[in-house]
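The two complexes that follow have chain A in common; it is paired with chain B in the first and with chain C in the second.
For the complex of A and B:
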């Protein structure tokens, strides 16, 4: 499930449960936006697959590869293991 | 023969046997020592070969500082696999977004097609009404009837075209839905087992490192022990010297017995250093 909070220059996406292809349509709708900073709150996520990594990469591509403009928050458990294995800590700001 | 003579003869014979036994003992000790030295020497060589093989294997597994060994290769394979999966997923997400966009367009076109069908339907009704009106006004409505027929033909053609477009859109929509499912499957790869393999590899490397340290330590200690054993085997020379000394003393006693000159035995210690002079390693 995906919830979006729109603040000044920042869009916060809060995802809960599984972060996989099921959120692609909501994600697609958000791609048209262009805030200064994206915050992806993964505190409530207990599973990610490769499609989640693909979506995050696409978001990074949309902000011109600026790692400071996409922040991943609350990364823990399985999502943390997967993101670290894919070396996403070098491409995103991981809190 | 006097009793002294008989005793001297027996003593001479006994000394001869003892001297022969000592010589045989020297020979046996020499052979045993040679065999032991050969065995330990071979063991030492095997240990050195074993250690070299072990070190070479470890080098093969762990590689050098650059990590070009088997472990490094496995890490590379896993890393490349993950990179590829992520790239494929990112590309699939892009494709999926395009597919969803196309599906949206298809729905819009389908809605427009429905509008065309409605217009065609209304046009048919209009032509029917026109025909009825032409019929009502008689011969003066003949031209009007022709126009009504043309409108009817146009409405039919429009309806058929609309149906053709609608069917094509249905096929395209089904194809896009199928593509959507296939792309989503391509993008959705469970990475849990890759994470598990990664962790397993790290754990195996740690175990291997601990095991290699212990094993090389054990091999080094065995080598030291073998070296010590080989050094200890060099007591053969000292033993030989001792047996030689014993033999010489026995020969002296035998000669004294034969000559009856017991005084010769008095300087026996002077001529032969005896056991006290022999040094073991």
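For the complex of A and C:
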């Protein structure tokens, strides 16, 4: 499940449960926006698959590879293991 | 689509539903045949319960099952998928191919063979196979593409035994329970 908070320069996407292939379409619809900063709150996520990694990389492309414009928050458990294994800590700001 | 309405179990709920060693000692073989990604989700939930680490195992299984559908049965290659994802047309393409011959008649076949403490899983699709050795050896830190790292990721985490039978339409993994 995804909740979106649209502030002045920041869009916060809060995801709960599984961040996987089921949310591709919903996530991609948000990529049409162009805030200064994206915050992806994964504090409520207990599972990611490689589709989620793909969504995050599309977002990274969207901001021209500027890692300061995308923050991944609350990453723990299986999602943290997967993101670190995929070396996303080199490409994103992980809080 | 239907699967967006499904409320998946949490990982903790899955762990509670897993059959456990006593049941696995009685189990010999399970076969499943399915077509859609919604069904793949259910199959991954079920088969993960046969593995010693159902959380890691589920991650690996869903990658293999979705690959079998998207790349195998629906014949959407890696580069094509990347293009479709960037153009936000991937979901529509998947839906269209499911309705079209020859893709609509294709199935994924999963066989789980248990000789406790060993669990062998074979996942066969009806597609033409793919260059699986390159997929297994792919670099994980490439940011060039939004897809194409799933196979490499799971071969280095949950399924180190992962290999394919040529031409690449049969994935084989083995998991072993601690005694």
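To be clear about the criterion, the second predicted complex is superposed on the first by the 95 of 95 C-alpha atoms of A that agree within 3 Å, B and C clash if a C-alpha of one lies under 4 Å from a C-alpha of the other, contacts with A are read in each partner's own complex, and residues count from 1 in each chain.
In the analysis below, a contact is a pair of C-beta atoms (placed from the backbone, for glycine too) under 8 Å apart; a residue touches a chain by one contact, two chains touch by 3 or more.
These numbers come from a predicted model, not from an experiment.
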* Once the structures are superposed on A, label A:91 by its partner contacts, choosing first (chain B), second (chain C), both or neither. => second
* Asked: Looking at the overlay, what does A:82 touch: chain B (first), chain C (second), both, or neither?
  -> both
* Asked: For A:18, is the partner it touches chain B (first), chain C (second), both, or none of the two (neither)?
  -> second
* So, A:5: does it touch chain B (first), chain C (second), both, or neither? -> neither
* Asked: Between chain B (first) and chain C (second), which, if any, makes contact with A:49: first, second, both or neither?
  -> both
* Asked: Is it chain B or chain C that touches the larger share of residues in chain A?
  -> C
* Asked: Taking the superposition as given, does A:65 touch the first partner, chain B, the second, chain C, both, or neither?
  -> second
* Asked: Touching chain B and also chain C: which chain A residues?
  -> 20-21, 24-25, 28, 31, 49-51, 53-55, 57-58, 61, 78, 81-82, 85-87
* Asked: Where on chain B does chain A make contact in their complex?
  -> 79, 82-83, 85-86, 88-94, 96-97, 100, 184, 187-192, 194-195, 198
* What residues on chain C touch chain A, complex-wise? -> 3-4, 6, 8, 10-12, 37, 41, 55-56, 58-59, 62-63, 66, 85-86, 88, 90-91, 140-141, 143, 145-147, 149-150, 153, 156-157
* Structure fact -> Touching chain B in the complex, chain A uses residues 20-21, 24-25, 28, 31, 48-51, 53-55, 57-58, 61, 78, 81-82, 85-87
* Quick one: in the complex, what on chain A touches chain C? -> 17-18, 20-22, 24-26, 28-29, 31, 46-47, 49-51, 53-55, 57-58, 60-61, 65, 78, 81-82, 85-87, 90-91
